[in-house]
Every structure is written in C-alpha cells, then in structure tokens.
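The letters A, B, C, D, E and F name the chains in turn, as written, and every chain counts its residues from 1.
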C-alpha cells in the first residue's frame, strides 16, 4: 500500500517507517494494548487509514467487543462529536471482521 | 446512519449521543443559531459529515443565503484556506437544497 | 497587542487583519451571534487569546450567562474533553467580567 | 480546578463531566491502560492540562518507566515532532513524581 | 472548481480568495519555495485537495524528485504517522505527473 | 532543553530525535528553506516551542525580514486567524534578534 512512498523515499522517510513499526512491537506493554493506543491516537486525529490499520491489528491481537467499545468511547470523549464519522467506519469494519470470524 | 455504532455502543457512548442532541435543542439561544454554531465548529475541524448534518438543519431552521455566507465566512477566516474544500462541498449541498425549495 | 505584527506586516498580512475585522461586523447575522460563532471556532481550535478576545466582545454585545453556557456547551461536545482547560479560562474571564458589571 | 465551570454549567456540561469520569473506570480494560489511552489521546492533541491529569493517574495505577516511555513513544510517532514540547513537560512531571516515590 | 463558492460568496470570502493567490506570488521568496511552503502546511493539516493543488504547482515550478522527497520528509517528521496517507496520495500524483513529462 | 526526555528515552524516541535533526540538514533544498518549511509547519500546528526553534535557525541561515514576512503570511492564510497569537510571538522574537544584530 505504501509502495509508491518507498519508490521515492530517501533514508529519512524509510527510517520513519521503520520506527512506525518498531513502536508497536512487543515490549513492556503487550502488543494488544499498543494497538489500542495507536487506535485512540488515530481516531482523535481523524485518520481513517490509520484507524483501519489498527482495527485489523486489534482483531489479530484478540481485542474483544467490550474492549473495542471502551477504547473508542475514550476517543469519543477526548476528541468530541467530530470523531463520530470515524467511529462509524471503525465499527463497520469491526462488524465485518466479526462476521468473518 | 449511526446504527452500527448503536449496535455496539455501551452506556457511555449512548449518553454522549444523547448529549450531542441535547446541546442543539431550543434554549436561551434559538435552534437556528445553535445549528450555525455547530456548523462553524464542524467546518474549522474539517468534518464533512458533521457539516452536512448541520447544513440540512440550518436549511430546516430557515437560515438565509446571506446568513450562510456570513457563517462560512467566519469559519474560513478563523480556520484558513484548508477549510476551502469543506466550503465547496457545503455550498454544493446548500445549492442543491435551494433548488429543491 | 498586534503592533509587532503590523510593524513587519506587508500588504497580505494587513489585508488578512482587515478581513478578520470585517467578518464580525453587523450584517445578516447580528454581531452578538457572530461573536459567539467566533468563540466556538476559537474554542474547538484551542486558541486562548482568540477565546479571550471573543469573550470580551460577547460581554459587550450583551450575551447572557445562559447563552454563554449553551455556546461553550456546543464547543465542548463538538471538540471533546481537550477543550476543558479552555472552558475553564473562558469561565474565569466571564466571571471576572460579571463581577465588574 | 474545574469549580468555575461547575458554577456556571447547565445540565449538558455537567453530564459531559460525568461521562469524562465514567470512560476511565474499571471495565473490560484495566484502569491503568485506560489512563494510558487517555494520555496518548491528550498528547497527540497537545493538551498539557489533560496530559498532567493522566500522568498523575498513570503513576497512581502503577505504570512503570518502561511503559510510560513506550506510551509516549507511540504518541510521538503518531503525532510527530510537534508533540515534543509536551513529552518534555510530561517527563518532567514523571521525574518529579518518581523522586517523590 | 471553486465556482460554487464564488456564486454565493460575498466580499469577505472573495477577498480571502484573492489573498490566497497573492501570498504565493513572486516576492522575496521564489514561487517554487512558496509552493513547497504551501505543500508542507497543507500536508501537516491533512488537506488532500490543497496538497494536490500545490503538487501541481510544484511540478510547474520545476521542483525535482529530491526536493519533493525532502519537503514531504519534513512534513512527515513534523506531523507524524497520520500524514502517511497524504504522502501516499501526494507521491501517486507526483509519479503520474513524472510519467507524463 | 530535551535532556529530561533523553534521560528516559528508549531507542525509538532517540531515533526519532535523530531523524528530527536529519531532515533539516543540507540536501537538495538549502538549509535556509528547510528551516522555513519547518517554521510554516510549526506555525499552522501552533507549536510555540517549535516556532521559536526554527525562528532562531532562520536567523542563523540569513533569512531576511521580507522572507520572514512572506513565510509567516503563507502560514496565516493556510492556518487562519488562530495562528495570529503565534505570529505575534514569532515577530517579537524576530524583532529581538534583529536588535541584537
């Protein structure tokens, strides 16, 4: 998906992409919670592509419906009603992934 | 439109949605001006779905062309040129609603 | 307050400042509501100096306590809990202006 | 700290404050992780007062140095270099709380 | 593209559009660098339409691949990973314009 | 200034800081223009500490008054009136550096 960026990217952009993978890796915080952290940050900053990425990773890490609802609830309270369209697309994707389970 | 959110929502998210209706109800400020307030906030925060919602409500509350132009003018000056794509879709919707009148 | 900007400003910056005055002038929308529109936009974008300016103008235009509470309530719901520190300084200024009345 | 808001607040603003407490309560996600979620959201939205609040709560919930570094690392990568001043004040507060331990 | 805005616009909105052209004109800073400044601002504020406009203008002003990579690299570091979807569409457009050269 | 961050930082945060230096180094774009790019991005994202940093670097790289006015003019038009308090502190610092010349 980011191949076109990589075609042009110099060292700095490539290093940023490495970092962007690195911060979500197993560490003191389990990957599941790291993905939830990434999801909340992406939601309050209203980045749909980023939300989608972290939703898929949350599903892979076994996040439950209840945990997802609480995570997006925090994003909604912190970020306000302008996050609603992003909650909508987030839950649509979540619902689709639930049905495929 | 937000049914998928409601399918998953717990008490907190549902309460937020109630609040999100409540603040625009008749009060010391007439509903027409409350919708204009919601519209300006949505425009400077660049939320197209929210803009659309408040544009429709503004039309229902009898906002005139002149009032709409002044409202979006304030959003443009406060939020800068990055609001222009949102003014464009706002006026396109407004124009469509005007033709249907 | 903006004298230092004006000392350096060329034509473009000066024109922007003229526009920034012009959009709040009497028009189809009464100045009182224009100031409330400016206040909501400033609050969701978290600009304390802009909030202060519009609070003072709201007071001059005779905005009541109830209207102010409803206006900032909309800002809070649209912009979320990160607007809370700005509501705090807004109400502190409002309270000070009320006591001076 | 928010007493001045409460002095003026009507029902809607009060309900929002209740919600703002409610979303961080024990649930499917342990409070410790909820505070980290609140912290990341506050950091990418650059709200120093909110950061301070969640830092104190993180300390109370037993978040370790390693977990704090990973949490703020995610905020930094998602939100970019403009979050750096907020990381600085966050770590200053953390360091002060560590010394008081 | 902005004709619908112009159909409704009053004097203030029209003046803003004039200003929005004026700041990118030849001056002490060559137009090429002004477009890069507009591009970086548009990218960190995540405005795809604005990005597209400045990418086309950058191409017209002879910006090279290396300069474009460095410009978007700065936007990425300042604005963080949420700018990635915008870098992607920016490089896709750039690549298309390169092939048409 | 960022020593407290470095005291706690793990590898990821340190790498980000390296990157944050690297993108402003001499390359296809002269350092002077890179600092102006960083300044515009910091201004529209309203980060006073970042603005200050890039203003000092702009002065070191020989940016003239006219170039500074044009740079901040672009930030003002793209980011709107909420950038005004940041232009004010930017020009105050600039004026102080001019007097020290």
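One rule holds for everything that comes next: contacts are C-beta pairs under 8 Å (C-beta built on N, C-alpha and C of every residue); 3 or more make two chains touch, one makes a residue touch a chain.
Computed from a prediction, not measured in an experiment: that's the story for all the values here.
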item: Chain C onto chain E, rotation angle from CA fit, given as a multiple of 5 degrees; value: 180
item: Type of chain D:chain E copy interface by residue overlap (half), same or different; value: same
item: Counterpart interface for A-D, drawn from C-E, B-E or B-C and sharing over half of its contact pairs; value: B-C
item: Approximate Å spacing (C-alpha centroids) for the pair chain A, chain C; value: 35
item: Approximate Å spacing (C-alpha centroids) for the pair chain C, chain F; value: 27
item: Inter-chain centre distance, chain E versus chain F - centres from mean C-alpha coordinates, in Å; value: 19
item: Touching two or more other chains - residue numbers and ranges from chain B; value: 12, 16, 19-20, 23, 41-42, 44-46, 50, 66, 69-70, 73, 76-79, 81-82
item: Chain E to chain A touching residues, read off their complex; value: 46, 65-66, 68-70, 72-73, 76-77, 81-82, 84-85, 87-88, 91-92, 94-95
item: Chain D residues within the chain C interface of the complex; value: 1-2, 4-5, 7-10, 12-13, 16, 20, 41-42, 45-50
item: Of chain B, residues touching chain D in the complex; value: 11-12, 15-16, 19, 22-23
item: List of chain C residues in touch with chain A within their complex; value: 44, 76-83
item: Residue numbers on chain E that touch chain F, as the complex places them; value: 19-20, 23-24, 27-29, 33-34, 36-38, 40-42, 44-45, 50, 64, 66-67, 69-71, 73-75, 77-79
